[in-house]
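The structures come next, written out as structure tokens.
After this come two complexes, each holding chain A, first together with chain B and then together with chain C.
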Partner chain A sequence: MAKYYDIDDILAEEELVPSVFQHAANEVGLFDSSDDTNKVEAGSRVELPFWLVRELYLRQLISIRVPPCFDRESKTREEIGADAAHVDLRSRCLYFYEVGCKIAPLVGDKTIGPFLLVAFRTRYKEVLIKAHTLTPAVAPKYLTLLTNEEAKLYEAGQSSITAFKKWRMGGPRFQMAPVLGRKRKPT
Partner chain B sequence: MYARKASELVKEFASSEPGQLSTFNNDLFAQVLEECEGHLLHLQPLMRKIQEHENKLKDKRRSEDEVEISEDERRKSEAEKVILQTALKSDQFGALVHHLSLVRNKRCLMAYIYNRAEVIRSLGWMVDSVLPAEIEEKLSSTEKEYFKNHVATLQSYMSELDLHLTVDMVPPKDPYIKVRVLDDIGEVALSDQVANLARHAIMFLRRTDAEQYITQGGQKQRMLRFQYSLDI
Partner chain C sequence: MAGASEPQASAFSAAELEFLAEDEMIEIVPNLRMDPLNFISGDFGPFRPQIATQVPLWLAVALKKRGKCTIRAPEWMSVDKLAQVLEAERDSEKFQHLPFHYVEIARLLFDYAREDIPDIYMVRSLIEDIKDVRFHKIGTGLEIISRERTYALRLKNLSAMEANIVRPFVTRALETFYKLSSSEMIQESDHIPNRQPQATNRGPRRQLKDR
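And then the complex of A and B:
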């Protein structure tokens, strides 16, 4: 419950997991709006968000498959193995590490943990180097490859470099309160 | 899909820049609440059905215990029991889905409110007791109330301590700074002198005097801004 109000945690749990209903469920008509019976039959295949999956899976009401980007035989794994730093994780799963950490204990797949670690280690190094060296013009292109967490690391790296430069040069230390907006009134 | 709208609300908050507020999304907020009502409407009949099924199952068991029945009837009642049990399970499943969706919706709404409140609290430290109009219009009425109360609490605490806490959030190196005036202000009584703050004038001012003009740069009524070129 420590992360109850955490925005990222909430959004990470929105990630879809392919699942199969093991029992019929009454009055749940949303997944398949074409019929009026408001009933989901046993055996129907749907992609459910993770917050729903965890509870239902623990009660053995549904069976799940590991999402494609964590699957043992998936292309993502091969790509990460080949060159982790340049895989586009953002388009596959915005909260790659968070979802991975949540799904691993649930399905009991012991290979997910090391896989995440390897991916993070290689990519972290690259993120830090890029944060210190990239010019603002090329940065947006690189940012499209990063997951949410990595983008935050990237920004942290960048802001520490600017803070360092500012400290060396001795810049202004009073600033307009950031909430008041950055747009300057025409003078 | 359930709770989609609530997550949209959270996403909207996440996409605004940290420390900045976007307009309170009354519309979406109300829609999520409506969805919660809908879940409740689904949930109640399901609960009733679950109760009924359970009662029926109990009755069956009791009647079996009390009366001796033939092999044929026993088989029949077993079959009925199985049907009842699957129906019960389906109802429980449905109810669970609705319950979880409700909990999820609640979490999203709470997170939205909580995180906005956090930003509003930090506003109390950064700007003075009056919010600039362009920020104020983004708040809902309860949030405005919250801000007012928070600022009042802060003020009373500071007067109790007899210490102005929001001054000099960054410790100064020198009591005086050099500033250049960006907009016409006119004669202003400062703590140690009366200064004519004309546009483009460059002068030495006490830090504490200058600070309020710099941090409130965007405020409309004051149309005055300092930029200081040197911080000795």
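And then the complex of A and C:
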């Protein structure tokens, strides 16, 4: 429960996971809006947020299909294998690593773990170099490729470098406390 | 500390490090007569004209601003010494020994006591060069984290400022690596070539430069 209040952890569980209903369910028509009977037939394919999928799966009401970005025969795997650093993971799954870590034990696919690690390893190097060299003007273009986790890493590297450069450039050593600068209100 | 509320920010800001660096001792030659100063951190002085004495950097700067002393540049800040260090820094994979706060001390002295440092232009560019070489080394050194399992980095002789700059990045990266390579993610997958035995909890410590 260490991450109970972690907003990123909460948002990561919002990611949609394709799943198949094993039983027909009444009163949940909002999941499957193809007709107005307000029920979901057994065997229909629905995309549900991860937090719901986990609970329903543990109760054996649905079965999970591996999301396309983690699937063994998916394009993403091939692309990661080819040139991981330039794959646009952000548009595929903003919380790629987090969701991957959560979903791997559920679907029991043992290749997901190594796959995530390989992806992060190759992309980490790129993030490292970019964080130290990229000027803020070109950064937004690069940031659109990164997942949430990587973007944070990038920000961390980038901000400490800019803070150091700012300090080295000099400027006033003492800053006026915001209270002091305020003009007295006319009474 | 600035970073208490946001975990990804540096533990210190550059200005805070500068503040810490001001406690380093430095030699000054006063040109005033003054009794010893008694502070909590120790007694400094007595101050006699033309008799050198050791004081903390902040006191030296304060006296210098009032024109009451000249600062003697520390020993490591001579052209010969710095040229040596730069040479060694370029040749060797390891980080050379420099004062822990060398970046900050250099900047303070360049700002307040430029006329007291012999060959200031030379010294300044040497220190800049050394700093750039070291930063480059850090950058290339950090790439090896991704090659194998890494749980800790040994940063011998890294200065305060350098460590502070890489801290947010490195801690985050190591955390993610740890999470992704933890035993529940990589289970019974023996086809991973560089898998470490699971029995040892602490993996190998990597030297930052170790090739």
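Quick note on the criterion: the second predicted complex is superposed on the first by the 160 of 187 C-alpha atoms of A that agree within 3 Å, B and C clash if a C-alpha of one lies under 4 Å from a C-alpha of the other, contacts with A are read in each partner's own complex, and residues count from 1 in each chain.
The rule is short, and it goes like this: a contact is a pair of C-beta atoms (placed from the backbone, for glycine too) under 8 Å apart; a residue touches a chain by one contact, two chains touch by 3 or more.
Keep in mind that this is a model prediction, so the values were computed, not measured.
Student: Once the structures are superposed on A, label A:A82 by its partner contacts, choosing first (chain B), second (chain C), both or neither.
Tutor: Touch partners of A:A82: none, neither chain B nor chain C.
Student: A:D6 contacts which: chain B (first), chain C (second), both, neither?
Tutor: It touches chain B, and chain C stays clear.
Student: Name the contact category of A:L58: first (chain B only), second (chain C only), both, or neither.
Tutor: A:L58 contacts neither chain B nor chain C.
Student: Identify the partner contact of A:A137: answer first if only chain B is touched, second if only chain C is, both if each is, neither if none is.
Tutor: neither
Student: For A:A104, decide between first (touching chain B), second (touching chain C), both and neither.
Tutor: Touch status of A:A104: second partner only.
Student: Mind working out whether A:P49 is in touch with chain B, chain C, both or neither, as first, second, both or neither?
Tutor: first
Student: Under the stated touch criterion, which partner chain does A:W167 make contact with: chain B (first), chain C (second), both, or neither?
Tutor: second
Student: Does chain B (first) or chain C (second) touch A:N26, or do both, or does neither?
Tutor: first
Student: State which residues of chain A lie in both footprints, the one left by chain B and the one left by chain C.
Tutor: Correct list for chain A: 170, 173.
Student: Looking at the complex, which residues from chain A come into contact with chain C?
Tutor: Answer in residue numbers: 97, 101, 104-105, 110-114, 116-117, 120-122, 124-125, 128-129, 131-132, 149, 152-153, 155-157, 159-161, 163-164, 166-168, 170, 173.
Student: Can you check the complex and tell me which residues of chain A touch chain B?
Tutor: 4-8, 10-11, 14, 23-28, 30-31, 39, 49, 51-52, 55-56, 59, 61, 170, 172-181, 185, 187
Student: Please output the residues of chain B touching chain A within their complex, sorted ascending.
Tutor: Those in contact with chain A are residues 1-3, 7, 10-11, 13-14, 19-21, 42, 45-46, 49, 86-87, 89-91, 93-98, 100-101, 104, 107-108, 110-111, 114-115, 119, 122-123, 126-127, 132, 134-135, 170, 177, 182-183, 210-211, 214-219, 223, 225, 228, 231.
Student: Residue numbers of chain C touching chain A in their complex, please.
Tutor: The touching residues are 8-10, 13-15, 18, 107, 111, 139, 142-143, 145-147, 161, 164-169, 172-173, 176-177, 179-181, 184-189, 191-192.
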